[in-house]
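Next, two complexes with subunit A in common: one pairs it with subunit B, the other with subunit C.
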Partner chain A sequence: MTALQVAVVGVLGLIGIGVYGLLITRNLIKVVVALQILGKGALLALVAAGAVSGKINLGQSLAVVVIVVDTVVAVVALAMALQVKRRLGTLDVKELSTLKK
Partner chain B sequence: MIQALILLTIGLPWLGGLAVWVTTNQHPRAQHTFAVLFAVAAGLAALLMLPYASATPAIVIPLGAQSVFGDLTFTPDGMSVFLAIIATVVGSLAVVFSVNYMHGDKQLGRYYELVLLFIGAMAGLALTGSLLFLFVFWEITAFCSFALIAFNNDDPKAVAGGIKALIITSLGGVGLLMGALIIYANTGSYQIADFLAKAGTLPKDILALIAFGFLIAAAAKSAQFPFQTWLPDAMEAPTPVSALIHAATMVNAGVYLLARFYPAFKDVPGWTTAVICVGLLSALLAGFMAIVANDLKRALAYSTVSQLGFMVYAIGVGGVYASQFHLLSHAIFKALLFLGAGAVIHAVGTRDMRLMGGLGKKMPFVRTTFVIGALALAGIPILNGFWSKELILEAGADKGPLWAYLLMLLCVGMTAVYTFRMVYLVFFGEPRSQLHAHDAQTAMKVSLGLLAFGSLTTWLLAGPLYELLTSTLPFHKFTELTTVEMVQEVITSPATYLVLVIIAIGALGWWMRDRLAGITQHLQGLGRAGINSFGFEAINRGVVRVTQDSAEALRVTQTGLLSWNVAGIAVGLIVVLVILAWGK
Partner chain C sequence: MVVLFTVLSAAMLICAFMAFRTPRLLISALWLAGCSAILSILLYLMGAYRVAVIELSVGAGLVTVLFVFAISIAGDETIEARSIIPKSIAVVISLVSIILLGFMTISSLVLLPATVEAPFSEVLWQQRGLDMVVQSGLMFAAIVGLMGLLAEAKAPVHEKQAVKAKGSQLTQPAVKATPATAHASQEVKA
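Up next is the complex of A and B:
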């Protein structure tokens, strides 16, 4: 297996796990975790794409930006989940949904 | 210079809308001022475009070399400039009228924003040279008309009328989009000029598909048979909006579309016959419904459908110039009639003509201007409606089938009947109820006076309009005439006198209605069918109901649940990948 194949398998695996997590979970904390896994898949894809296209610096600098943004997203999302739990007493997405009749 | 003028014509109304929004409803005076200033400035910019009219695109904005959207172009040729002028000038007069009519309304901001967005979008629709952006502007006007018809959104009838207009005109928009995409797939360009140049080389069946797609779009937009019923229901809108929809914007778009693409479609078998039939049936049915309508605005709405039928018929028989000239006359006298009706409704507070009568003494200014507009509508000589209607009928007699010509003559007679009925019921005779009326206020008088002046004089523009159209439309064939030549041609043609006799018979029929009572008794069944729109109301209502029911059914998919949404994204991705793999 070449390095590129490893990267592709890694990207597909991470994104697959993330999407699967989003599909099955109803717990807000787990949603954040699944989003993080999904994000790491995208990050790996950026680095791999940079290596393939020869613009390795661009790929890696984008990856650094994604790491920072990802962290911020995780922190804010967890803080919001905490507030939801405190104020509404539940973390179940289905119960939180107000669009449903 | 011309680039700036095009951008100003489209952009000024939109900027005006923005200015009105920023001003907020706390400052109604400033809102009135901004709306009038920006609308009038746009009208002036449109008028200044006249000397620069040409067939070459003035603005080309490339949207990327590999883009599937083509280039965004604006071509200020004769027909485009002409329509943009009608939209902005007549539109600005409706805005001026609104200063009095909408005085004291709590949601002035929403009103002016939508009106100005509407006017700008219509100017864009006229000026763009790209089919795709023609569609975009087309849909913006559809949205604005919906929002304005439903302006009084606590009135269920207004909301229903708005939704009906939206659904039916969007249905027509599908025909336009389909045609535009087929053209892109076959010629690789969205440019109207490219298509008109290459139309002859396209396969016959594909051209027919485009031609009939565009006909559906135009019929839905211009409220032609069988889609004519949305326009009367649009009467729930504030009256200046009705004037805007009927005279300045919206319904002209359908006629413009047919006239613009006439050179490409005229050889498609059956297309011109279909166009003649659509125009003829609309003129006939709507003319009849106008005779039996009791609501002043509804009667005017049916007369719009009927006059648009005349224009569509003119295009069907090859009189593209006559249709454009009638579009100009109609825009002016119909705006005048609607604004006059608005002044009456504003004064007396009802739209039922049976309750009016004898209002002429109380509102002499409105009566005078309304009668001028009505005479133009009926086609009485030297008013603008006379000349343009004569040109249409002459084209019909020369190039069209005889049966269609004879039925059009019947429509001319019906026009005279419903016009005289309307004028008589509202302004003359004895008052039939205690209504307090006052004459129009200043801003209303300005609009009405200018439009009445226009109804008396715009036929003098026949020669310049000929010149404008012949010099800038390479694909249309016009025989150029000056105003004097046109007058000579109309006066010396025997058909003119035939038409005048028919108009006189129509008018006489109304004056002698008591003696003809025996005949009208027998026609009562027809009258009842007329009030029910001959059953086409049911078809249109069916279309609206199916759309609404399917929307209601699809609401189940809007769960707001994250898991389902992610599943939807995943499925969509898979579908796109499968299509891409399949296409390879």
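Up next is the complex of A and C:
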């Protein structure tokens, strides 16, 4: 097993943990944490793909885009979570479904 | 090298798992920062030096500060209720996604010979120039959206009027005693 194959196993683990976290958690801030873990998996996958194909600079430039987009997503999602906390008084995802009341 | 990659990957996965497993949000943010730091070491070992530095400063630094800021405002709320989706179904879905992704990637993981490639700055600013323009627009949109989301909600008009009236009562000078009021107070004393 080469080092790059180990890195790909790490990518698979990060994506699996991120998907599991998105499905299982009810806290809005934990949902953002799960999204961050998924983004880190994508980042490592891009760099590993660049290293495998011999175009590491292309992989790096795409990874920079992923980092920026991931950070913007985290900022906006945390701001929305704060607004939900102010208006509803909780961070529980289930309490957001107010249409059924 | 393989042993180092294995140890770092295992540590990164443990940090990622603990990040949403721990009940306290602040500790969760710290586990996520640890995951980012280990990921940046892995990126450095793979030869992606610039991305490793950016990930360490943005992923482990800025994003952690943002999380701590949000948690300090929202409070460290722990939700112990059961998850909406049963855990067994969540495990099956995540395992299926891992197996499918692994089947597609590991089988086609053939190391190609390194080709002569343009420098990083040329790739980033010229070959992927459109990406940089889109990123600039995205950051601007995020800042505008963030200002709108974090702005305090304006109080309704009747509340503003009530507050203004209360303030004017407090600042109004004491009423001077007129002859009529003085006479009334003397009658009360008598």
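The definition used in the following text is that the second predicted complex is superposed on the first by the 96 of 101 C-alpha atoms of A that agree within 3 Å, B and C clash if a C-alpha of one lies under 4 Å from a C-alpha of the other, contacts with A are read in each partner's own complex, and residues count from 1 in each chain.
Going forward, contacts are C-beta pairs under 8 Å (C-beta built on N, C-alpha and C of every residue); 3 or more make two chains touch, one makes a residue touch a chain.
The shown structure was predicted, so the numbers you read here are calculated from the model rather than taken from an experiment.
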item: Which superposed partner A:23 touches (first subunit B, second subunit C, both, neither); value: both
item: Of subunit B and subunit C, the chain that contacts the larger number of subunit A residues; value: C
item: First (subunit B), second (subunit C), both or neither touched by A:93; value: both
item: Residues of subunit A contacting subunit B in one complex and subunit C in the other; value: 19, 23-26, 93-94
item: Residue ranges of subunit C touching subunit A (in the complex, touch as defined); value: 1-2, 5-6, 9, 12-13, 16-17, 19-20, 25, 28-29, 32, 35-36, 39, 42-43, 45-48, 50-51, 54-55, 58-59, 62-63, 66-67, 70-71, 73-75, 77-79, 81, 83-85, 87, 89-91, 93-95, 97-98, 101-102, 105-106, 109-115, 117-120, 123-124, 127-128, 131, 135, 138-139, 142, 145-146, 149-150, 153
item: Subunit A to subunit C touching residues, read off their complex; value: 1-21, 23-27, 29-30, 32-34, 36-37, 40, 43-45, 47-48, 50-65, 67-72, 74-76, 78-83, 85-86, 90-94
item: Subunit A contact footprint on subunit B (complex, rising order); value: 558-563, 566-567, 570
item: For the subunit A and subunit B complex, residues of the former touching the latter; value: 19, 22-26, 31, 93-94, 97-100
